[in-house]
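A, B, C and D are the chain letters, set down in written order, and residue numbers restart from 1 in every chain.
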Amino acid sequence: MTIDTHGDAILDHASAPGADAAHHGYITDKDKYLNRLKRIEGQARGIHKMVEDEKYCIDILTQISALTSALEAVAVGLLDDHLRHCVVDAARLGGAEADAKITEATQAIARLVR
Amino acid sequence: MTIDTHGDAILDHASAPGADAAHHGYITDKDKYLNRLKRIEGQARGIHKMVEDEKYCIDILTQISALTSALEAVAVGLLDDHLRHCVVDAARLGGAEADAKITEATQAIARLVR
Amino acid sequence: MTIDTHGDAILDHASAPGADAAHHGYITDKDKYLNRLKRIEGQARGIHKMVEDEKYCIDILTQISALTSALEAVAVGLLDDHLRHCVVDAARLGGAEADAKITEATQAIARLVR
Amino acid sequence: MTIDTHGDAILDHASAPGADAAHHGYITDKDKYLNRLKRIEGQARGIHKMVEDEKYCIDILTQISALTSALEAVAVGLLDDHLRHCVVDAARLGGAEADAKITEATQAIARLVR
């Protein structure tokens, strides 16, 4: 699927491995997230270095915007996985459990939207 | 439920009427949304008036922030209703329909999160 | 100038009239803002109508995202005008006044960024 | 100063050292930013670990929201420093240079606001 946000949201569901799902097992493509988060760590380190070297403020702000976008793309991807697995499972069970899952998801969305 | 966002998110599910659900019937408390949106229209009109009267820029920006927050609260509330009804219904049916509903919801969330 | 945000930010400074600046006189092209805010009022009214008619939730969310973007573009435009006039004037005077103006602008930016 | 955003924006100007300003010299309290960015790197690493350990999705999303807020606070702080130094200096010189600095700042703000 495509997402009309900046950054490339991690929303492919084709390659779900199934096997490596240990604890919660909701993450469709764990390696993709791990690579993405490695890169995010690198971006954070780069911003630290930019401040240390007193790079031009506007260039640092550009990098912060890029990092924020990358984080939002990861968040949207994880949320998609969460809806697709945990929430759908709860919905099938129905009742208070389903309600609680939706409420929890909505609160997470509200925090992201702010 | 409570939501740790600014504004008071419209997320009460107690008063779901059921009866007034005409077209899509997903909106838990339509009157609450309508009142909220009436107020939002008034806020937009007020900002127009502030620019017309050349009020102090920072005060106009404060009102724009308040209006944006009010809109986000409505969006989160509608999304909650959507997950609670359309998505849960689709989840129970399962298959491609459920997948498509989640994808659609995630795309809407991505637009809100940006 | 162009701004790499969604929507068309109101950031043209060519047409500053000068004459119609009454109270604060910082708004470069007042008519452009007024037209833009009229359209925003119409968008708010349209969203109210969509809820009234119980249009599909996702379509309402799309309109809310569009309205939020339009508001953000107005806010960025007003902030640009504010920096360009009030803050620059204060900077020339210097001292505590300049400091206070920057602090005030930063607080407005923080509210917009969230 | 206080900022009504989440997180504690780095906006104190009391402790400006002056001495450690090498390249652009605009950063009021470099050590504070460096400490803050070190913590941000740690948060990014923590999120990577959470995905690796397949922690509960909603908990990961909460950490991503916290990291995004921390980044926004750094961005607002840097922007404040930038306005206070580079933009104010340019404003005093006036002319095309001042205009260009404001345009550049506004574009950075637009990217942060989105």
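List of remarks:
In this section, a contact is a pair of C-beta atoms (placed from the backbone, for glycine too) under 8 Å apart; a residue touches a chain by one contact, two chains touch by 3 or more.
All of these numbers come straight from a predicted model, not from anything done at the bench.
Looking across A-B, B-C or A-D, the pair that copies the C-D interface, with over half of its contact pairs the same by residue number, is A-B. Put simply, the C-alpha centre of subunit B and that of subunit D have 30 angstrom between them. A separation of 22 Å divides the Cα centre of subunit A from that of subunit D. The geometric centre of subunit A is 22 Å away from that of subunit B, both derived from CA atoms. Residues of subunit A in contact with at least two other chains: 72, 75, 79, 105, 111-112, 114. Shown here, the protein chains touch around one cycle, each chain meeting exactly two partners. On subunit B, the positions that touch subunit C within their shared complex are 21-27, 30, 33-34, 37-38, 40-41, 44-45, 47-48, 51-58, 60-62, 64-65, 67-68, 71-72, 74-75, 78-79, 81-82, 86, 104-105, 108, 111-112. Residues of subunit B that touch subunit A in their complex: 1, 3-6, 9, 11, 13, 72, 75-76, 79-80, 83-84, 87-88, 91-92, 94, 98-99, 102-103, 105-107, 109-114.
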